[in-house]
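For reference, chains read A, B and C in written order, and residue numbers begin at 1 within each chain.
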Amino acid sequence: MAALSVVCAGTIFLYLLRESAPVFFAEGSGFLTRSDWWVGESYGAGSMIFGSFMVTGIALIIILPFALGGAVFTSEFLSPRWRLVIKSVMELLAGVPGIVYGLLGMSMLAVWVKSGFGLIDGNTIFTAGLLLGIMILPTIITLSEDALRSVPGEYRETALALGLTRIEMVWSTVIPQAVPGIIGAIFLGMGRAMGETIAVMLVIGGLDKIPAPWFDVFQAGQSIPSKLGREAAEAIGSGLHWNALMGLGLTLFLVVMTLSMAGNMFLKRVRM
Amino acid sequence: MSKIKNVMEMDNAAIFYNGKPVLDKVCCGFRVNAVTGVVGASGSGKTTLLRTLSRLNDRVGGFRVHGQVRLEGHEIYGNGTDVYQLRRRVGMVFQKPVVFPKSIFKNAVFGLKHLAPEMKKEFPQAAERVLREVFLWDEVKDRLHKPAQTLSQGQQQRLAIARTLAVDPEIILMDEPTSSLDPKSSTAIEELIVSLKNRHTLVLVTHHLAQARRVCDDLLFLNEGTVWEQGGCLEMFENPKRKETHEYLSRWNVDEPAV
Amino acid sequence: MKREVVEKSALGVLAILTGTGVLLLLLILGSVIWKGGPALSWEFLFEASSDFGNAGGIYYQTVGTLLLMLGAALISMPIALGTALYLTEYTQSETVKKVLRNLIYSLNAMPTILFGLVGYLFFGVFLNTGVSWLTGMLILAVMILPTLQVSIQEAIEGIPEKYRETGMSLGLDHLAQVRSVIIPHSWHGMITGVLLGLARAAGETAAIMFTATTFSGILLPQSWADPVPTLQTHILVLAQDAVNSAALTKAWGAALILLFIVFILISFSFLLRGRLKMEAEL
């Protein structure tokens, strides 16, 4: 029975590999570096790959202060009762379906971004990043909080006994020891952001283009999952287009698996 | 000693954890219908010896037994041994009373339910019999279906013994069964131990030398990972053969153990 | 003096950062209730949708979502239990444990759209189950497997050693041990896992949108091989295609129901865990 999960992960990888092989033969490394995606002519996935990393980066930059501040405050300064409240809130937030986040993002967040930054269209890479940040907040808070709490209490007491204030104690003794766990939490959060489909699909604008200049995040873009979500249904079994989409899937698989494996390794170091 | 029948014996046994010997060159026997006390300083391997007798360490990684451990002449670490049958025949009572979060009745027949499911109709009689044997019946007969955790620690330990008795073991191993109990409950358990030896063979690990002197027939003194001396209980207290045995046992009336 | 000021202001900033999380939840809940509330009515809950979702209710979509997630949990449960028992009770090999653990975590991190793509190829095409309720259930079952498995395994690992040893000392074999010691002492982990798994399945869209449902299929499946309507895909289609505000209101109403289902499931898991804590302290 246990072999089943091995089979699942292995099957996903092998299928992606087999189904995407033709596009790599046809496009070579250009599949990953060029950004011209014209169905029937050429398949360069550059803009989707760029978009995926961009939205993930924006999500991290926006949410990290809240996530890490929240984790430190929850773990070090809140009473057990309030800690339970925050943890429960985070679990509920993590449970909000992607489609609901998408609906909120599309009809509220995008509108705010549009009027707030004076744009013509609110569906941009920035909007998607912001929404993703909100979506991965619970993952990062919960896991970093666990990492902080796993630092043994004696260190805290020793620091306090030396006359440090609580903030100084946390900053100089607790956080340094929890760093690997926090890095792990961030990696896992990035993995989640990278793979989110529905919510991103509804707010990113759906344009297969790297913005010019590249850092202008207030333009429409495309991420790998949003591309897959939009086109997979119509492309099933349609030759190279399908192979190209599966190539995107394989790329996504490899990136997310690397992030999650690294994240879990960091987290385990804390647990051991 | 050799003329008397031993139910269980260890013959030149050595026990290893991860390659390190815990016990070595152990030769000892347990007489039928006697209470054999196992005494010795902390860390001398008493508990390990006890757990080896019912193969409770099988799940522990890196655990090895060399030499022979026999139950009625049959090697218990041999290939053909039915380990579950062995553990039924060699029961164990732990240091801290363990009751399952179930009713008193269900705890009493916990083992029976699996070993003799076809006797389901007779479970109430069986429960009454074993609870009487541990002198618990009068205290619990009106609340058999209440949670077992509501019992006092001493009552819980007697319930644990009753649960072991219900599967009818020939040998009952007890690992410091009174160390977490108050003096009154301890006395009750001691009386119980003496009454049990009519039908069972008992092996009792204890730190409490006065207790060993009161209830044991034979004594096994462990020191530095091996059996230092074995013999009749009173004889060893009064007339030990070795200096270390004398030093350890002579404190029996001074050290009412604090722990 | 200066240190005190630093301490106080740092604490203030941290408190505000933490409060944002709570505010976010309230904001999300508030928005969905505010926007979806007007759509709610008896008819909305118990009528079929009509005019491509612009009119009518979401009865079949709700039932479809429930059918899909229950089916997924039913398939996943025995596999998760089996894996957890194998890992905790039957295998001694550290390598096997490590490999399986890594794989379960990888499966948990897998983007759900990939479950959809490969699940469709494997179940829908290779095993010929097509775009159907069955395909959706199977895909979701694999997707929620880690949630169930980890929760069950943690519960089993949390069983005090004394209970196992007592069972062993009475001569119980593996199976009896599992039946009388392991399962009775870890059922809360199973229920928690199932509740969280159901919540995950209910909230999932990407994995089922082209594998289990079609928008035109507004009726319940008559067999395993028929597609199911779901709340998730209903919202998606309305959100993408809606031109009038009436349809968007219907989407919000459906989102409210979906959120309600998910939150009820998660809250039950809180209750269960809270009660167990109290029992443990007794």
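Assume a contact is a pair of C-beta atoms (placed from the backbone, for glycine too) under 8 Å apart; a residue touches a chain by one contact, two chains touch by 3 or more.
This structure is a prediction, so every number in the text was calculated from the model and none was measured.
Asks: Does the chain-touch network form a line, ring, star, complete graph or other?
Replies: line
Asks: Which chain's C-alpha centroid is most distant from that of chain B?
Replies: Of all chains, A has its centre farthest from that of chain B.
Asks: Using mean CA coordinates as chain centres, what's the gap between chain B and chain C in Å?
Replies: 48
Asks: Roughly how far is chain A from chain B, going centre to centre by Cα mean, in whole Å?
Replies: Chain A and chain B have C-alpha centres separated by 57 Å.
Asks: Provide the C-alpha centroid distance between chain A and chain C, rounded to the nearest whole angstrom.
Replies: 19
Asks: Chain B: which residues touch two or more other chains?
Replies: none
Asks: Touching chain C in the complex: which residues of chain A?
Replies: It comes out as residues 1-2, 4-6, 8-9, 11-12, 15-16, 19, 65-66, 69-70, 72-74, 77-78, 85-86, 88-93, 95-100, 102-104, 106-108, 134, 137-138, 141, 165-168, 188, 191-192, 194-198, 202, 225, 228-229, 232-233, 236-237, 245-246, 249, 252-253, 256-257, 259-261, 263-264.
Asks: In their complex, what parts of chain C are in touch with chain A?
Replies: 3-4, 6-7, 10-11, 13-15, 17-18, 20-22, 24-25, 28, 31-32, 35, 78-79, 82-83, 86-87, 91, 96, 99-100, 102-118, 120-122, 125, 142, 145-146, 149, 199-200, 202-206, 209-210, 232, 235-236, 239-240, 248, 251-252, 255, 258-259, 262-263, 265-267, 270
Asks: Given the complex with chain B, which residues does chain C contribute to the contact?
Replies: Touch residues, chain C against chain B: 92, 162-163, 165-166, 168-173, 176, 179-181, 184-185, 282.
Asks: Quick check: in the complex, which residue numbers of chain B touch chain C?
Replies: 54, 56, 59, 61, 84-89, 91-92, 94, 96, 98, 100-102, 110-111, 113-115, 149, 160, 163-164, 167
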